[in-house]
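What follows is one structure encoded as structure tokens, with my remarks underneath.
The first chain written gets the first letter, and so on, giving A, B, C and D; residue counts start at 1 in each chain.
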């Protein structure tokens, strides 16, 4: 009982802690200096319409690298916890015929859509993360539809490794070509024409790697989760 | 410069590559891991090299080719380079340690380990708060995942609790960052630090949430139940990573955030750190599980570090000094803690009780000892210097609450760590042999030890002006450890030679006045007794090195010049004597109580020293002390500190057990030499405290009564002992009481008497102890009622003891008479009649126990079981012979000693005109008292008084009948009686009826009460850890809110 | 104005869904309603000019997370009855 | 403002679930709700009155390159919180997935999902 009172008090207390934050909050009319610099720089320095992508991939690229790593880490962790003894057959219920046929048609389309999303990340909303997830959803669809669907781990692993290392190598390329302070600088590749697919330097390339990596990681994650997690 | 981004890139590529190459071979992926860890460590090392040898001021690196705050900046200066080097090296060692486990548990674990290192490196390097968040998440998630390396239910449960706590912390951090960004408009720490942002409540709360997130990650008491569970149940390699790498990186980021915080947060954080330090250590007292114990210790140390980083700014401490202190504490803890976790994994025993199997593994034992002693803050480890600095600052600037908390916490920490050490060293014959050691797992702790020593030397030598001979004790320890495989006698003789040469050529020329006197006592006295140790048959591993360390530090005590020199040496002395006591058969409890009292005393001394003005290097400490004058507080602290070493009444509890349980020969050193170090200290205090004492009669009165009572009760307690060593221990205590009494008079004659007794006590007490050591060696018992009639078997020992007790009792003609004469004379001269009376009564009591000593051991009927007892071994006779000669010499010609003493004392207290030395005669003609003492004459007269009757007796009883010892008629006792009815058992029962109430162990009961009380307090505290993850979460919430409210943030 | 009303509606729905996720007896309901919370959030993001976030939240927050939860639930099906299940 | 309050309330509801639910999966749902709340708070902080998304498309300006940047600066919202939220969402998923894996594993070894069944270690 005391515990419930304490919990209640704690929740009230946290609300009380948040209260001044709300009181002092107002929605401003202008963006702050940093944001303005980002928006301007995104267009001026990087030739990129999507300022969020500019921030995510370039200015704060290290965060994103970390983010991809977190995802990789989670996948590895989940895989580590739920590692299978053997590939267990016949645990999944077979999907219906409609699902089966539908998935065979839909999956490639979804994958293409995913690729579209992450390659156009610098131009339109979206980018590597949603794109990767969309690709993974195709995988999910196949997984649900097909009882014997064994996605080759080799391919997932290979994609993961190549895209991950590719991402880091692009970062290092910046270092090598442009100098000490240019890790993840995409400008060693031509900035191209405004609004085109091949513009903004290496950003589309980076986002493709991110997309592929995220897709592979998510697929791996789902794969580990659907397996029955080796019994003790 | 070395680009820090390569650190990150290497880890990332490694982690991404591992799952792929693993398809070929597991060994390949392990190879990738080792390569990455070693490569990054060497990058950091290169950076360190660069910073030292090429001057590059540029430490910041940006990403993406833009200046911060647009881009994320990384900093790779000295601190970061050092830290990443250590972190990566530890990572590598952990990798080696975990090799087998990682190899078995799947490729993911290798990637995860690499990413954990990535997180730690990133957190250390980054200068961007959100980037810090990302790396913190990487670090945390990797840690969560690695906890699952041990797939036990408890480990998983602990991991989940950790995830809950960590999840909450990162949520707070993220909310805090979001709102803080709102106010600051930047995420870059440097830009942010330059901004002047109005401290509104909202902004403060945002900052509060940020800093609290890190505080929670640092596992403060009491919001740390989850962390303790993790430490306890995770694989020891992972626990070690959490305690060192994880905590280190988080702490460093915490440190980076501090400049952003409003000033009012700092005392708050300092307070939480202190509370965490003190209470974690307290709670740990009752902990039996080794890994959990380490967990408590780890959280405590982190608390202390938090205090150092946030609390010291108030005392106008230069930031570099703060960093130095934090660094000292941090590195010690970093290495020692991971080392201990590694050892815990090798031992595989959960409870500390079972660690005695370590005894069979000398290498492990040494490593274990090094780590434990480093954590305790003993020299030469960096934590010692750090603590020294902290106490200096706090004492000088009046931070008494913090100072008390830190010293108390340190003492508690020492208590449980050293208890553990004692359990490990304890001799237990029924332990099974352990299986062969996993050699691979031994590498990491071994390298850790080497690193620890390297850092110690670096810190000690680079940053302090220590006299060059300060490291002699350590050097001696090292050299004789290397020689430790030689036969004992060779080592011993080498030691004698080394000390002789060193003492004669190096120490003696530096000494003058009382320094020479104490030089003779401390070095000479110890040197002679080294021979006594050499009778052992075996190699006696560790004995000679420790003895060497002890004697060298005793010598250094005299030549030390600065305060730090002095204290360092004092701690060396304490440390080596503690380890020597540990060599006793069942001494671990006694040794624990010895070291705890010694450390307590040392902390008091440390505080007292801190209050004193600085001493200049070059001139010996004891000589400089004549020019200084200290205050009241300092006097009391230093006084109590040194009195503990002498074993004065009230703080004598450690003494009987330590004396009884130490090895017989070492007891002799303890009593005759080591206690004199305390006397030396006390003398210095009295010298420096002259002004205070002149103003405060009470202090001297208290001291003199303390001396008298120590003498009285010591003697009384000695009477009722069955154990011969305890009897002698109490006798020692009693004698030291006389010494204290003499000093407390603060008169020329009083000091002369005290010093004279100091001198003679060495000889007669060492003589008796050495003789008794032989007896115990031959009879195999310490109980006097199990001995008897040994006069025939061990005549030389008998003569030694006889000489000894004549000297102790203070009857003419031997030297003890002189000391008593001095004491009574000076007491009466100053009109201290009551003290004189009681002291005289104590001397009378001394006859009782001395009679018991010689009678029950050497006279009467021999025990049948001791038919074949032989004389003590030759090596034990050597010191006895030397001491007998010295005693005879002093007794015949006391003026050769008393005159130099008088002139040494006259430097401090002028010799009154009425005291004079002429030839063999000492004359005093004070207004109140007249008298003289001629040692030579006394000797001759006494010889005459005894000689003539003896001759006469021999003449008239020319044809006596020799009686065998077993002749019942003459021996007046029956053999084979049960010992309880033997007269030697409970010999003075009748006195006990009359006086027994005086010696009911009230003081021991008091100290036992202190122990019990703190243990039950610890139990009460530990019950907040219910083991429920949600309760822990609730603790965290409440902790945050309470701090918010207590801090009065508005 | 219409936007504000829409935001209020979305907020209300998400709060109700969140409370429901806590109090409901069945875990599956809780999972679904937490997905709803995410979905509402992603629509809100669209309204406050953050389409990138909206896409990601929709894909990851409400989509993938829910799937992950469901898979996890599949693993623990047939558990001993837990107190709030 | 409303969005901010919603976000904070969601966070507190998440706390509530974390503190009171006994089922591990329900606790994790609490974390997920809290994460969503945090994301909402972050986005609310980046919002600027009456501005469009920080994507310089035809609706913002017809200009290109640097010119577009100058023109767009005072027409769009702050891109930083958006970028941060992207990261936060992904990290949230990662933590959630790992927690679930833990829960599954705990269920397999301890045969229970009740958090009160996992308190053998204490004191």
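One rule holds for everything that comes next: contacts are C-beta pairs under 8 Å (C-beta built on N, C-alpha and C of every residue); 3 or more make two chains touch, one makes a residue touch a chain.
These numbers were taken from a predicted model, which means no experiment stands behind them.
Enquirer: Give the chains in contact with both subunit B and subunit C, ordered by label.
Expert: Shared contacts of subunit B and subunit C: A, D.
Enquirer: Just give me the whole-number Å value for how far the CA centre of subunit A lies from that of subunit B.
Expert: So the centre of subunit A lies 55 Å away from the centre of subunit B.
Enquirer: Measuring centre to centre with CA averages, how many angstrom lie between subunit C and subunit D?
Expert: Result: the chain centres lie 11 Å from each other.
Enquirer: At what distance in angstrom does the C-alpha mean of subunit C lie from that of subunit A?
Expert: Spacing between the chain centres: roughly 20 Å.
Enquirer: With centres defined as the mean C-alpha position, give me the subunit A-subunit D separation in Å.
Expert: Here the centre of subunit D sits 14 Å away from the centre of subunit A.
Enquirer: Touching two or more other chains, which residues of subunit A qualify?
Expert: Counting only residues that touch two or more other chains, subunit A contributes 7, 10, 14, 18, 21, 25, 32, 34-35, 38, 41, 50, 52, 56, 60, 63, 66-67, 70, 73-74, 77, 81, 125, 127, 129, 221, 225, 229, 232.
Enquirer: In subunit C, which residues are in touch with two or more of the other chains?
Expert: Answer for subunit C, listing residues that touch two or more other chains: 50-52, 56, 60, 64, 68, 71-72, 75.
Enquirer: Going by the touch rule set out above, which residues of subunit D reach two or more other chains?
Expert: Answer for subunit D, listing residues that touch two or more other chains: 5, 11, 15-16, 19-20, 35, 46-47, 51, 53-55, 76-77, 80-82, 84, 86-87, 89-91, 93-95, 97-98, 100-105, 109.
Enquirer: For this entry, which pairs of chains touch?
Expert: Every pair of chains meeting the touch criterion: A-B, A-C, A-D, B-D, C-D.
Enquirer: Where on subunit A is subunit D touching in the complex?
Expert: Answer in residue numbers: 4, 7, 10-11, 14-15, 18, 21-22, 25-32, 34-36, 38-44, 47, 49-52, 54-56, 60, 63-64, 66-67, 70-71, 73-75, 77-78, 81-82, 123-125, 127, 129, 194-195, 221, 224-225, 229, 231-232.
Enquirer: For the complex, which residues does subunit B have touching subunit A?
Expert: 1, 3, 5, 8-9, 12-13, 15-17, 19-20, 23, 61-66, 69-72, 105-106, 108-109, 111-112, 115, 118, 122, 126, 128, 130-131, 134-135, 137-138, 141-142, 144-145, 148, 151, 179, 182, 185-186, 200-203, 205-206, 209, 1031, 1034, 1037-1038, 1040-1041, 1044
Enquirer: State the interface residues of subunit D toward subunit B in the complex, per the touch definition above.
Expert: Subunit D residues touching subunit B: 11, 15, 18-20, 24, 27, 31, 34-35, 38, 41-42, 45, 80-81, 84, 87-88, 91, 94-95, 98-99, 102-103, 105-106, 109-110, 115-116, 118-123.
Enquirer: Quick check: in the complex, which residue numbers of subunit D touch subunit A?
Expert: 1, 4-5, 8, 11-12, 15-16, 19-20, 46-51, 53-57, 64-70, 72-74, 76-80, 82-84, 86-87, 89-91, 93-95, 97-98, 100-102, 104-105, 108-109
Enquirer: Contact residues on subunit A for subunit C in the complex?
Expert: 50, 52-53, 56, 117, 125-127, 129-130, 133-134, 136-137, 140, 218, 221-222, 225-226, 228-229
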